[in-house]
Amino acid sequence: MDYLLIASTWGLALLQALLFAALAPLLVGWVRKVKAWLQNRRGAPLLQPYRDLYKLLGKEVRVAHTASVLFRAAPYVVFIATWLAASAVPLVAVALPTAAIADIIVVVGLLALARFFLALAGMDVGTAFGGMGASREMLVSALAEPAMLMAVFTLAMTAHSTNLASVVDAQLAGGLVLRPSYLFALGALILVALAETGRIPVDNPTTHLELTMIHEAMILEYSGRHLALMEWAAQIKLLLYGVLIANIFLPWGIAGSLAPADLALGLAAVVLKLLALGAALALAETVLAKMRLFRAPAFLNLALLLALLGLLGHVILEVGA
Amino acid sequence: MAIGLDLAALALGLALASSLASALTVRAPHLLRLLVLPLFGLAGAAAVAAGLVALVQGEVSTAVLPLGLPWLPWQVRLDALSGFFLALIGVVTFAVGLYGPAYVRGFERGRDPLPVLGGFAGLFLAGMLLVVLADDAFLFMVAWEVMSLSSYFLVVFHHDNPANRRAAFLYLLMAHVGGLAILLGYGVLASFGGGFAFEAMRAAPLSFGWASVAFSLAFLGFGMKAGLVPLHAWLPEAHPVAPSHISALMSGVMLKVAVYGFIRFVFDLIGEVHWQWGVAVTAVGSLSALLGVLYALVQNDLKRLLAYSSVENLGIIFIGLGLALVFQGTGQGLLAALAFVAALYHAINHALFKGLLFFGAGAILHSTHERDLDQMGGLLRRMPWTGLFFLVGTLSISALPPFNGFVSEWLTFQAALQAWQLESGVLRSLIPIAAAMLALTGALAAACFVKVYGVAFLGQARSRHVRRARQVPLGMRAGQGVLAIMCLLFGVLPTTVVDLIEAVPRQVLGQGLPEATAHGWLWLTPVAPATASYGAPLIAFVLLALALLAVWAARRGTLRRARRCDPWDCGFAPPGARMQYTATAFAQPLRRVFALLFRMDERVEQREDGTLRHRLTVGDRAWGLFYAPVARAVESAAARIVRLQSGNVRIYLGWTLSTLLVLLWIIS
Amino acid sequence: MSITQLPLLQQLVLVLAAIVLFTSFVLLAQARLVSAIHAFAWQGGLAAAVTSVVAAAGHTPHLYFSALLTLLLKALLIPWMLHRLVHRLELDRHVDLLRRPALVVMAAVALVIFSYWLVLPMVQQELTFTRNIVAISLAVVLIGLLMMVFRQQAVVQVLGFMSMENGLFLAAVSATGGMPLVVELGVAFDVLVAMVLFGVFFFQIRANIDTLDVDRLNRLTETGGEEP
Amino acid sequence: MSALLLTVLLPLAGALVLALLRSLPLAGWINVAVSALSFAASAWLAWSVAAAGEIAGLGFRVDAFNVYLVVLTAFVGLTTSIFSRPYMRHVCKTGLTTERGMRVYHAMYQAFMFTMLLALTTDNLGVLWVAVEGATLATVLLVSLYRTPEAVEAAWKYFILCGVGIALALFGTVLTYFAAQHALADPAAGLTWSILYRHAGGLEPAVMSLAFVFLLVGYGTKVGLVPMHQWLPDAHSEGPTPMSAVLSGLLLNVALYAVVRLKMLVDGSLAGTASPHLAGYLLMGFGMVSFLVAGLFLHRQRDIKRMFSYSSIEHMGLMTFAFGMGGPLATFGALLHMLVHSLTKSAIFVTVGHAAHIAGTQRIDHIRGLIRTQPVVGWSLLLGVAAIAGFPPFGVFTSEFLLLTATMQSQPWLTVALLSGLAVAFAGLFRHLHPMVYGPAPEGQLPVRANLLPVVVHLGLVLWLGLSIPPFLVAWLDRATQLITGAHLL
């Protein structure tokens, strides 16, 4: 087989991964911006997140006396795992070899790995906040993960594959089909995405009030580049979920081949979809209020229920048995 | 006789030798370290070798021992299935051989006799090896009961504590009951097959009804040994109280022997399986997995927590087996093989990381004499190696890539997701739900072990003796290291492992996984590349490469050095150890969400000095639901029956007279 | 077949057997210890008489010997020993009332009928005479046992035991024309030894619970006491 | 023949000598010596029987069935006498019994052995009866040896119940003889078992079934079948420990042996009738009831020797059940179970003797932490109970395995009852054993001079039987099986 081709496809895959990392802050910026508009503020410039990251990367790192090695290793692990997970998700093009490394289950696994270290890092310093954040994070994720997987299973059983690329391909090949299962799965996935990425109504990314925060509580002790990596990882995660929703449920426009035109089109398409999603998120966050922690399980059970309905809907309504 | 069987015999001989050698420790305690346990480890190595030979050769070799009944001599048989489990037993045993010597040093001054420890450990190993090798029900049962009995003596080793005695009694009782059920199951097969040799049983022509009876008996018996809910009551009692290296053997290996028994009985001996059984097994498996992890989550005793998590993992294994049954019963050979491989893979994985974790718990116990998580903290800086290895264990058991636990759960998911190929819509909708429960289990397991690691190894020490913890001796670290490395290897090179395991389904189900490893060692593709693929080596590589990069950068000073300071903690005063989240606190949200499943007794009581004290005891409901009634029934029956012995001789004579009259009346 | 067709001696046997049965009723109901012992002696004597009659009827000389044996043992020796025991235990005046005598006697009657009903299925022709004897002796045995169940006094229990022995002996002699001699001797020896031992035990029991009421022997029991 | 006479008469001579002998230490040794001699003689007997197949004459008859019981009896008699010599010396020192008592003890020990061997070897049902009654008479004095109120009470109950039972058995014997009168050419031989067996077909069924009921109730009392078992725990717990060992290990066997012999007759006579298996069903019923009831009794024990005597009842029930079931496999298993149970149970009683000696009482809740105080005793007790509970690799497991297998083949549904009974009994044994053996020892509890040779030998044998049964023994048991059921197992 032509090694040049292999090299180029891998190159493209790498490029897409880098693009993922690069675009992530932008999405956050966009969400904040829209939110500001909705609240009749001018808000920070669109590229503010990049500035923050840059500044943090330059700043001195301060580490608590009580912190152990793990505390310092965690940011790298979290960032790498998240980024690795992201790079397996088809952003612009489908036919990329990275998709074969990790199917959706592995992606979930990598995110879980990141979360595992995040939670450990939260507990490492030995502050009350860290432990609290870790405990709550694990609660949320414990309920969110099955919902996520079940939503994914619905797609996987339709596409007969857990490989994201194959799922997208199946979608494209199938053309526009109205599937009840997809409706439910989409709903479930959105709820899970909100929970997992620490958005309202489960968590509030902008607060440091002890009663409300989850994700922030875990990275409370971080500073400098460590904090930067953590933040960046969170942004990548947000983008990842966005892309999942966008490209799996509405894959149209994504590049089927590696022709430059297709790629450009794909990029444009995904950017548009993400802008829309971001706006929707911002809208939701302005109209919704954050829940009490022990309301969150109900919220996630709703997600679980939706996913389950999706699955059963798929089995009962869609498979001609 | 084949080389594999020779090696197995060697392993058996070494095990018995170590058992006998421990008689010497009456006079010379140090021999336990210097002779008995090394022999033990060697036996493990030999077992691994035998197992690998059997797996690679894939040929069946049999032999007849000069023991047993004249018309039913003891027969042994080494095939791929027994080979796999030989290897499984061997790995952990070998690690114990490394770990044990340093660990038992503490017992040399103890009051408990060392010969018991060494001798019964040897017998225990021999029993397990023989169970795996047995080729007739008689030898199987003998070996099985020897295994139970000797492990019982190990459980009750520290018998000064009443709780331990109770645990041991419960364990032995349930083991005995389970053994009887298994015996009965074999009896059914034997009466149809006309003989207790496995050959005869394979040939037994069984109706669906009788096959189901045999299956249920086997499921009951082996499930009891495997600690499936609700038959698990003995497990969290018995495993923690044994010495840690024994706990590792019991949790890591003995439960797998039960799995072996189940596979041998159902897949091999009954042969003609039915999907209904699969549904039952999957259901019980899911239940065990979920409840096991939930109960583990609320434990504060480290070893007890690990024992409960064994219940969870056995549940996962049985989910895999159940899927295999369903697929096999509906004629989906390939998928059956997939699920089967997933189950076996998880079996070996659990052996590895559960052994590792029990070693870690043992190390903590050894250097702090503490099992209560709420007393621990900050151990990572005091015992860095143990901390590292334990971290590997927790990552593996939480099914996180790139470690081994993830691979087997991934395979199980893949098997479950092939449910769309089934005709029956009910199964199609049930199996994904099992998969979802598996997902929930995985997430909860992660939560559980975040708690364990975060509370035990991170933060600050919560008690003085933990603050004084020291590094454990080299041997113990080596034992953990071996298993940790195995965990990583099994996670990074799934293709190679699956290649080996695949021989087992090919022998048992007559169907391998040709596709799984067809695309090179990089890609694990259970069904087809388009369906699902996992490039573990690549992921591991990238993770490692970038991590090294970061380390390198830090070393070279391109990154500015970090400055040490007090924790910020939102500007509150520098936190003390008592302000940390405890294990109890960590589990509180989930405990609250799943409150229904626990038997919780939470109260705040005022001590005489006016200070308040919060007391929380969390138990599982199985005891009250299933065990207490039986115990009560026996008690009351006994209370009634003893009235026979009223003490009055005339009443006794009355019994004689009336018996006589009744009999006379009967016969005429 | 009715009794009229039987030869005179067999009729005599039946008569004697009937009296034996009657004596065991007497034993059952007799309250005074000494009189009970007398009744027992009579029973023994009657058994011996039956034996000798059977011997005469069946021309089986060795039965005369066992008749003699029985007379000595059951009618003379054992009653004499019992007398001495009772005397030394100061029980001469002892009265051991039977509770609900009517019921017990009715039960005994029922036992007689039962035992007759039991032997009915013995169909072989030539048995018809002996089977009635068997019925009688079976009744004697059962009544002896019944007596042991309802009498609380150790000595009386022994009497019951001995009258069971009488019933056995009756059966052996009248139905089978006597057991082999070695067995006869063995049995006689055992009975004798048993009697001696009974004597020993009377004193041991007396020494321990200073009464011979067997209902007081109730220490060894599972019921009651604390839980294990 | 001479071997036979030696085997039987040696104990008798021993009894007479010991009855006259005054010196106590010497008596103990003579007791051991006589037992050893008669064991040797029994071995010789076994050898000659193995050679000749069967020895008959002088009213004796030794075949494969009873010869192994003879050897077993002599063997257990020997080991127990070895144990009893120092043990009874100790008892005598503690003043529980007197010099005279010791003389009675030794004499009666041999007398008991004599009656047992006689009962086993005789061919005459009458003599069998005399011998069994003799066994009662010989042991009843030993039960009351300590003269405590409990001992006397136990002895009285033992005497009365077994006396009555035996009387009933005699009635059964008479009835058998009565039936024989009309079936045999020579009525005088109407009690000779072998002749009866040969003409069993001609015996009047109605009489024989009547007879069997009496014989079953009679000898069954001695076997300890529920509900005629009540004497057994009393006698076992109150008598001296060596006595308990031989009672449990041997007397019950002999009684069961008698029952089986008679069952063979009755089966022969009932063969043609409507209910050919009557005897078998009766045995199965009694066996099962005894097995289950005794298992439940185990849960409510306060006296260690009582507990193990109930376990004896349980096992006798199991054997009775098996013999009742008939069939080569069940019978073989039952014979094997007789063997291993005798060995194990007598070993246990020996150990229990030491345990009670250590704790100074037989009360279970006062016996604590044996393993701490004297590991040897603790472990023997533990292993002994594990063996009797049917754990491999001990022989009891093998025999129970065979019994279960046989049950599955002929009465599948009874297997469930058997298994649950086993589980219940197991729980009952261990719940009491655990605290006795494990845990901290009460202060002031000291080890004693233990003589555990019998225990080691017995458990060693049982272990051997569990691992592999020597061929000659298999052949032996198989011939016995063939005698009883008419069919070879192999």
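Structure notes:
When the chains are written out, they are named A, B, C and D in that same order, and each has its own residue count from 1.
We adopt the following convention: a contact is a pair of C-beta atoms (placed from the backbone, for glycine too) under 8 Å apart; a residue touches a chain by one contact, two chains touch by 3 or more.
Bear in mind that the values here come from a model prediction, so they are computed numbers and not experimental data.
Just to note, of C-D and A-B, the chains joined by more C-beta pairs in contact are A-B.
In terms of the distance between Cα centroids, chain B is separated most widely from C. Chain-level centrality, scored on Cα centres against the all-protein Cα centre, points to B. Centroid to centroid, with C-alpha atoms defining each point, chain A and chain C lie 100 Å apart. Chain C and chain D have Cα centroids separated by 30 Å. Work out the mean CA point of chain A and of chain B, and you get 35 Å between them.
Taking the mean of the C-alpha atoms as each chain's centre, chain B and chain C sit 70 Å apart. In chain C, the residues that reach two or more other chains under the touch definition are 118, 121, 145, 148, 214, 217-220, 222. Counting only residues that touch two or more partner chains, chain B has 642, 644-645, 649, 653, 656, 660, 664, 668.
Looking at chain A, one finds that none of its residues touch two or more other chains. Contact annotation for chain pairs lists A-B, B-C, B-D, C-D, with touch applied as defined. On chain B, the positions that touch chain C within their shared complex are 642-650, 653-654, 656-657, 660-661, 664, 668. Against chain D, the residues of chain B that register as touching in their complex are 66-71, 111, 113, 138, 141-142, 145-146, 149, 156, 159-160, 162, 165, 168-169, 172-173, 176-177, 180-181, 183-184, 187-188, 190-191, 196, 634-635, 637-639, 641-642, 644-645, 649, 652-653, 655-656, 659-660, 663-664, 667-668. Against chain A, the residues of chain B that register as touching in their complex are 377-378, 380-381, 384, 391, 395, 398-401, 406, 410, 413-414, 417, 419-420, 423, 425, 428-429, 432-433, 435-437, 439-440, 442-444, 446-447, 450-451, 453-455, 457-460, 523, 529-535, 538-539, 542-543, 546-547, 550, 559-570, 575, 577, 579-581, 585-590, 592-593.
Contact residues of chain C toward chain D in the complex are 118-119, 121-124, 126-127, 130, 134, 138, 141, 145, 148, 154, 157, 161, 164-165, 167-168, 171-172, 175-177, 179-180, 182-183, 186-187, 189-190, 193-194, 197-198, 200-201, 204-205, 207-209, 214, 217-220, 222, 225-228. Across the complex, chain B is touched by residues 114, 117-118, 120-121, 142, 145-146, 148-152, 214-215, 217-223 of chain C.
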